[in-house]
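The letters A, B, C and D name the chains in turn, as written, and every chain counts its residues from 1.
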Amino acid sequence: MIRTEEMMLNVGPQHPSTHGVFRLVIKVDGETIVEATPVIGYLHRGTEKLAEDLQYTQIIPYTDRMDYISAMTNNYVLCHAVETMMGAELPDRAEYLRVLAMELGRVASHLVWFGTYLLDIGAVSPFLYAFREREMIINLLNELSGARLTFNYMRVGGVKWDAPDGWLEKVREFVPYMREQLKGYHDLVTGNEIFLNRVKGIGKYTKEEAIQYSLSGANLRCTGVEWDLRKHETYSVYDRFDFNVITREGGDAWSRYQCRMAEIEESLKIIEQAVEQIPDDGKYMGKVPRIIKAPKGEAFVRIESPRGEIGCYIASEGKKEPYRLKFRRPSFYNLQILPKLLKGENMANLITILGGVDIVLGEVDG
Amino acid sequence: MSDDKELEKKKAAEEARSKAEELKREKAEQEPPEEKVKNSKIAPDKEEDPSDEKESDKELAKKKAAAAAKAKAAALAKKKAKEQKETESGKKEDTDEESSKKKPVKEAAEADRKQKEQEAEPKDADTEEDKEKKKAAAAAKAKAAAKRKKEAAEGADGEDEKAKAVAAAKAKAAAARAKKKAADKGEEEEEKPSPNQPLLDKYVKVLKDHLGEDIFEDFYINRLSKHVPTLVAKRDTYHRIAEFLRFNDQLGFDYLSELHGTDFESHMEVYVHLFSFKNLQSLALKVKIDRDNPEIDSVVDLWQGANWPECEAYDLLGIRFRNHPDLKRILLGEDWVGHPMRKDYEPYDVEV
Amino acid sequence: MLGLAKGLKYTLKNLTKEKMTYQYPEEPIPMPDRFRGIQKFYPEKCIVCNQCANICPTDCIELTGKKHPDPEKKGKIIDTYDINFEICILCDLCTEVCPTEAIVMTNNFELAEYSRDELFKNLEWLDENDQNVRKENKA
Amino acid sequence: MTWIDSLLQSQPSWTNFAIFAGLGVTMLSITLGFVTFAILAERKVMGYMQLRHGPNRVGGRFGLLQSVADILKLLLKEDTRPKQADKTLFVLAPVIAYAPAFLVIAVIPFTEAFKFTDIGVGLLYYIAISGISTIGIVTAGWASNNKYALMGGMRAAAQMISYEIPLVMSVIGIILFTGSLNLVEIVQAQENIAFIFLQPIAFLIFLIAGTAELNRTPFDLPEAESELVAGYHVEYSGFRWAFFMLSEYVYLFALSALITVLFLGGWNAPIPGIGLNEIGLGAVWFTIKFIVIVFLFMWMRITFPRLRADQLMEFGWKVLLPIALANIFLSALIKELFF
């Protein structure tokens, strides 16, 4: 008789496919995973604790560093929470600039996901093609906000800067270009039989499981739940745009891939419309007091980040600083289902599944 | 175009709100002083100079009379709403100092007020509100707007110029509103005061019918948080309420959007934001727990998604969740000393 | 097989496309005017109001003022001004609050040093860092 | 009868030994030279396809000395060895992996004149020897005492055994056509038409199975950077690691040469009649065909994602092998009916 033994294997904290310092302790029987335990917290910086001693404006740069792939949505959720509490009204142009920045960020974020996902699956080139387009978006956002990743662009009551001269024109030109490139991606990847074999039917879960595990974003929509906070709990000026909520029925890695790729197109639609609709009055900051104080009380708002539902809870004592600030970090919630998905899969599928969840460790650890 | 609609909606909502406020305030004034304190505390606060306070106090009296006289003059009511808020917040500042040491929980106060509103409020106030609301919601644009405008113009007689401006030109009104809003916090929240009130009533009723009368510490609409109906459960009923919310066919709160704890120094609190994909409704469920012995039932058996958030709350605040399948210090590691999100946390460093 | 062939075609097409990379150290990367680089400090403009130090989210600015040497004039002038670039996150809030635009952003971003101590920049260094100042702040 | 033939058939002597030793060293340097520039070429092609420049600093605009610099660096690097590793095997593994890679080059006829041996079972020799490398890789995986390395080694073993079979099966058609295992004779049989046209299915199978043998994308599972970090050589550094790298590229050299010989007609001109082999154009034809194959390997690596382990096995046993067998049957039929 051959005696076999289960083997403990540490995937991470330093591993090319964990996209940061994430550790997965797996028990493998050969290459089949018997048990998987995620270990997180390596990137925990205590943002929420730090924020208790910071003014609202000072917290904004910290939010940049949570989900560093799409910092604009983080900026927004904090500002939105404070604005909701204050009842501040923003000039339209500020809202449009925010939407533009967020949607560009969403496209960039999905591009990073696309690139790194294919890198996980073993294809190197899509990563570089995706980063070519992402670089353009980053340059656009750099022109707008003065930084490439940690934008610190939004302020309570508006945005830091108006769009620079010619910026909107550049964004307008970017949309058709991006659409053209997307076709190329589909040529390169979407039809690729090897890729299809790698993702189809992998990491499957049902609608009920997705809801039960509090998944959000494309992880939820890939099971057929039509739920996008931009549409259904509309915020900012998203109700003025015509776009679809992308859903797929499969609930597997392939559906998630399709969802995200289609979401890029929807974001482009929004960008296109926003550039057309943006009012030309140059007013980008609402009337808010110089010292921002959220009224006493508490609020929880949630918006749609590229990774899912990002929320912000503020308990305020009516001071300059929040009494308690809590972010609902989508990656943190989305990662919970991982042990369940990994059971019985092999090493290669581990990477496909983990990559498909689209986590950002800065956000998981907060 | 949509702006106009919104504007109108808002205006209407405001009117309705102001009426409610007025009645409330009147009632509040007849109540014992603590109640007043509580009541005023809930009003959205803002920075205000004292001179304004006095002015508004004077106007308050005037307004009361006016309210009695023409209860239905919408424009007047609207104006009052603004001033009232000023008054209230002014009062708030007074009372705040006294009460801040006591640290009365704002939610509790608001809930009290809400309850009272529901129970003691004369019925016509509600219907009034509803009527106004319907007007707004249906956005019976031209007609409603015209009517309101007229009313506003009428009501503006003898009132200050701003009201006139509002009536005179929509554009100007918008500007004025924007301006006001910057200073006047809380107006936005009052856009839709009632849409969630029936929901809250429904939840409370259903829950009470099934689980008994004495299950809540509080329930109210959290106006700051996009009018989310908020239930404050008792420690021993928390899990039962959660279970009911989760599995009841009509409510069906199947999605746990957020769970976290907060240290309010006087007590700990667990905040759960639930969502029902069936009805597309949100609900906040809270429970206050003992700070010295923070322990509460876990809801992981109801929502798997609560697993890590509860671990996080345990890690950062030391709240122990009973029956949690794997309660661990998820972010900081098992050897960390203390719970950092507690307000009295002192960093512990072995090397120092 | 068709999908594979399509992919091969796509990569082959890109063989001759324009390259997207910069020859970085030789070719400087063009940064937009708003780019948040290392701060430039104008000691003569500073009124020692402390706002920058207060708004700094990471507390990396330390400054001291002294009395104006000219007894006729009121107010203070800057004595020392240090930014610790170990923890500075270049968030731009200090330049945003500065009432006299005494501290402004430049487009320079190269901060690599061999020692951490060298990341501690003082008033003189920040004063000399006067290249690529933002256009809107050009004196 | 070229001089090399006479040399091959002469009596053994010290002079002969010296000549062969000299030739061996020459071949080694040619191979190493190829490896050096194949790595550079791969990086360059990859760079250009990925909108980058690739190496462009060491040795001029095209980074001609980049690989040389890399090799020098590897030579100078500290040779680390895990404490718990099996020392003997750890040292031996790279040698076992590398030596066969160089051995197989002996049988490949580059041109009519430029060859080292002319043994009757050249093809068999190639396949038999190249299988030994697997042992080196498994040994490396085991000796490292690292779980990732072990998994990589196991994957390598499974993969190479599975793909060896379709690889051999696919060339049986050619053997049927030529009636010989001698590579020189196989090339000579293609004077009029290359076997790629007569045996297109065999060519595809050989190409796929060959890629798998080479551990190159899309079959780079033993290394699988994103899954197993670096697979069997995760614990190796310095020149020991370089040995694995070298053997990989030497195999690329050998396999591309073999494909050229088996399917593209070796030194024969692509179109019969313009050959002019007499004036040494054979080497040019060979090089061109060879480069095309190498480029094909690089191109595939740049474009494709990686297969999954179980899919790889399934593909090898359930797809490639039946097709290869069918191909043998088909070849036999064609041979019976038309030749």
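In this text, a residue touches a chain if its C-beta (ideal position, glycine included) is under 8 Å from a C-beta of that chain, and two chains touch if they have at least 3 such contacts.
Every value quoted in this text rests on a predicted model; they were computed, and no experiment measured them.
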Most central chain, judged by mean Cα position vs. mean of all protein Cα atoms, is A
By Cα centroid distance, the chain farthest from subunit A is D
Taking each chain's centre as its mean C-alpha position, how far apart are subunit B and subunit C in Å? 43
The distance between the C-alpha centres of subunit B and subunit D, rounded to whole Å, is 73
Centroid of subunit A to centroid of subunit C, CA atoms only: how many Å? 28
Dist(centroid_CA(subunit C), centroid_CA(subunit D)) in Å evaluates to 53
Scan subunit B for residues touching two or more other chains and write them down. none
By the touch definition above, subunit A meets two or more other chains at residues 125, 129, 132, 188-189, 192, 194-195
What residues in subunit D touch two or more of the other chains? 49-52, 302-304
Interface with subunit A, subunit D side, in the complex: residues 46, 49-52, 147-148, 151, 217-218, 220-221, 224-229, 302-311
Quick check on the complex: what are the subunit A residues that touch subunit B? 40-41, 44, 46, 48-49, 84-89, 91-92, 157, 211-215, 225, 227, 232-233, 239-240, 286-289, 293, 295-302, 309, 311, 313, 315, 318, 323-324, 326, 328, 332-333, 335-337, 365-366
Would you tell me which residues of subunit B are touching subunit A in their complex? 2-3, 41-42, 44-47, 96, 106-107, 110, 177-179, 181-189, 222-226, 228, 254-258, 260, 262-264, 271, 273, 277, 280, 282, 284, 303-309, 312, 316, 330-333, 340-341, 345
In the complex, the residues of subunit A that touch subunit D are 7, 9, 15-17, 31, 118-125, 128-129, 132, 188-189, 192, 194-195, 197-198, 346-351
In their shared complex, subunit C is touched by residues of subunit A numbered 54-55, 57-62, 125, 129, 132, 135, 139, 142-147, 150, 152, 160-161, 164, 184, 187-196
